[in-house]
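Listed next: structures, encoded as structure tokens.
Both complexes below contain chain A, partnered by chain B and then by chain C.
Up next, the complex of A and B:
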């Protein structure tokens, strides 16, 4: 019997459904804005991380009393701050710190949100109910105030305590999103089949459902990364973010709390503000493009 | 529907309880007497301090202290402010109306921007004007509010000198006059507008999608057939259908505004609750901090309650749960 079907009958290649990664790449290439943002973002990050690697952080942080508040010049490309420290050097180290810390926060919230979302959505019932009530409660708290109070009362405040405090409040949105997707996913036949076969729950959750909701997680991860850069710098601006030993972009902007700096010494705070805007916008544009690529209805 | 509202109201009880326990725990972690604001001189000798703590009941078991605090608070006694030397409630009363007024003006701006832009963007979908508005919502969504506010303050407050750069009222005008009210509004415009222009984008996007969904529905076609002018269809028929879900954003907006108050009031040096909170944290005036956190926590819980109830009226599917 002839079971072999010739798929290349008329010399035409078989139409293979493109893989997820290829789809995303195709969409990105079509979307000039997203592509431009992506290239810009990668070059900023490459420059900042390599420059920060070469640069001497202590040299940047050293106070120079003979060069207070100097406007941009050849020696100091972006001028100096109230301590005579080079703003350009602080900008590079600040960008690196802001990005690294936001990335850590996003990663931690993703891990916690993913696990709780999967568990709540997969098991449903009482588990789901309890987890959702906790999430509802945390979402309706005045988060900024709680973070500021925690930052004040934690003894020996470090970068890690900051990351943990932020994570404590920002895992909820992710958990809620993933839970709603998993809730729909667990009704599908492949999950039922696996359950009938006796596959352990954790295997179904992490090896079968997880890959099917991964595109949403990736998009959410990227958009959250942008949001966290803004949150971190806003808190540091208020003076309750990173400890002083680790300057971030918010540290530079916080000098603008002094009206004199805001009005007359734009070179101190404006570059950092623009850097945050550029990073957040380009991360968002990339995220939106990937969102379109993963959602067949929005594909162009 | 009543069943849902009652159940939702009952849920407030454990929420309030947990909130109060959290605030209590934070207050206990703060140095000194954060719940009452009574002074203990740290230079006194340890025995005296210990005797004082004993007298104030700071050495009692925690549940007794918690119950005492809750019963004081429910009687309106939030303790004494350490820096202002008056009752905490008086300090807060001075500031709270500034924050409430600012929030109201922000809400007015938010909806004034959102409703026309959302309607236009949905009505002329895929035209150039829709692309401009959608582009604005993308950028607004990605822009951190505090940076936008700083730039607005720099441009309109300092460089162009169009708006005041701090305070809530011009100190030279007399209280109660018309000029006083105008001065107050003048001080609020810049912060309110800066907040609104960034936070309105979600509502615009929502309204746009609603309008596009409704455009093809029968009631719109009927209205068209009756000869209702095109603009009237959008402002009356379509908007009325989308009004409640937009109103439901109100509660979440309030929650966001209360949280954002800390940042926006610091940037514009506006004497409201958020600024009071930050200055109290800096001055280690923890009885004020505790009271502000508890009150805003309560306010945001109410905001969410409001949104949930409006949503349950709009969308019956929510009530089944």
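Up next, the complex of A and C:
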């Protein structure tokens, strides 16, 4: 009789420990709030980005004198503002703009902060001193005043100039955070081992140290994303952000500076405020779940 | 044939202080150490914590910058080479680290850890690289199927073997073993030590073995250098050091070796007290007014002692 043994089944399981992605997924499943927030956030973003893609931005920004300050109706789902512009359309495009701005600022600051933080922390000594003094200098500048001045003197203020101005001032925090982590990490033997194995510095920085500090970067990235949405709105509300021609959540809320709008025409500013609240909260809940996944002590 | 020659090397670390953060003094971690390694031998550096033995080892692989002195490897001066110039020598001089927990990157798989030196020096295909890694894993007594595991899935002894496998992949001539077994429990220590000796025969390796465990050093080394406060106080073959210690510090170190037989315990305590007494009395004759050991002087063909 022929013995038919399937040897493949007797092999060892290939991977026993859960990977980072699996850990995050586990945490999300355990935390219903984070799961709900995640689904809500993804659906909001999917809807906003696809709707804004279809929508005509110029049509939304066009002033319609026959429909000033109309309350919500079937034609204008969320009413119109003082220029007769559709608030719902502005909300969609505004959310897209605000989120894009926040995402780009977070991404750019993360990239710059990561590189400078890694370089300063890894090399230490003179390099560290020079980089840290530059960072100290930028931090000591009155940020808000500088942004206001830059916004005023830049002739054509667009989303991209806004992102660049913000990035210029906000990468320092990330660089400091990453440097502090790298300082601790580079003392470990595996870094010295890599050096004796002839691995070049840049490879040690980006392929050896970086994976070990990546968890804190991801958490910081997500929590900053929420913060930066507020940053844009706050500046625009004060009148130093984006112009009205580029709708954002901040421009919609800034209409509430008019007491009449604030008191009687809630449909202009309330949806944008709720949108900010919902997005910031859900990003934060998701961020907290990921934070727990990356730190074994906080895991549930 | 002399493989490595270390001549009067000094490694000083600055102590900064004062208002302007200026260098006020130096920690003389290694303060004038010379020795030679012959091809195929095992040279042991022993001493208490902080005596500069690890620093000496790390200075040879240029993890610490040498303040003065020369390091000659196969007739070539390595002391002041830049990183780029040093690279070809990295292949020949490898290091085994003390702590098997921190010396392996926790985020890397075993395959990536062991293949790291290969990727730096050789161009091989992915399948070939995997084959080489598996071959070395098998050689160090680990399952070749475990290349996709992460370091934390292994025990301390297994991790140390991964570290050893990594240092072997480039077929080095000299391995600096910085207390390779001090983090392991005794049963595993013996395994790893015997295994290192087998490898030495197989690959004609030369070891610079840094350690504080006198039993381990005796088991492993042909010649031994005893370090104290950054200086060699005595150098000789294992026989010279263990049977005929001349320097007062070496005597005290040897008296500290525990004896397992309970009968000898009383005698041992007496001996230890006697040596401690002798150490106190003779301290000034063996060390100069700064507490620094004198230069080594030969007292036989193999045996050198730091005497005034």
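One rule holds in what follows: the second predicted complex is superposed on the first by the 279 of 300 C-alpha atoms of A that agree within 3 Å, B and C clash if a C-alpha of one lies under 4 Å from a C-alpha of the other, contacts with A are read in each partner's own complex, and residues count from 1 in each chain.
By our rule, a contact is a pair of C-beta atoms (placed from the backbone, for glycine too) under 8 Å apart; a residue touches a chain by one contact, two chains touch by 3 or more.
The structure presented is a predicted model; accordingly, all values stated were derived computationally and were not measured.
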- Fit or clash between chain C and chain B when superposed on chain A: fit
- Query: So, A:141: does it touch chain B (first), chain C (second), both, or neither?
  - Reply: first
- Item | Which superposed partner A:253 touches (first chain B, second chain C, both, neither) | first
- In the superposed arrangement, which partner chain does A:269 touch: chain B (first), chain C (second), both, or neither? first
- Query: When the two structures are laid over each other on chain A, which of chain B and chain C touches more residues of chain A?
  - Reply: B
- Considering only the touch criterion stated at the top, classify A:127 as touching first (chain B), second (chain C), both, or neither. neither
- Which superposed partner A:196 touches (first chain B, second chain C, both, neither): second
- Message: Contacts for A:226 in the overlay, against chain B (first) and chain C (second): which applies, first, second, both or neither?
- Response: first
- Query: Nearest CA pair across chain B and chain C in the overlay: distance in Å?
  - Reply: 6
- What residues on chain A does chain C touch that chain B touches too? none
- State the interface residues of chain A toward chain C in the complex, per the touch definition above. 11-12, 14-17, 188-190, 192-200, 208, 211-212
- Note on the structure: So, in the complex, the side of chain B touching chain A is made of residues 11, 15, 18-19, 22, 26, 29-30, 138-139, 141-147, 150-151, 153-154, 158-159, 165-166, 255, 258-260, 262-263, 266-267, 277-278, 281, 289, 292-293, 296-297, 299-301, 303-304
- Query: Across the complex, what residues on chain C touch chain A?
  - Reply: 58, 61, 63, 87, 90-91, 93-95, 97-99, 102-108, 116-117, 120-121, 145, 148-150, 152-153, 163, 166, 170
- Note on the structure: Within their complex, chain A touches chain B through residues 133, 136-137, 139-146, 148-150, 152-153, 226, 229-231, 233-234, 237-238, 240, 253, 256-257, 259, 262-263, 266, 269, 273, 276-277, 280-281, 283-285, 288
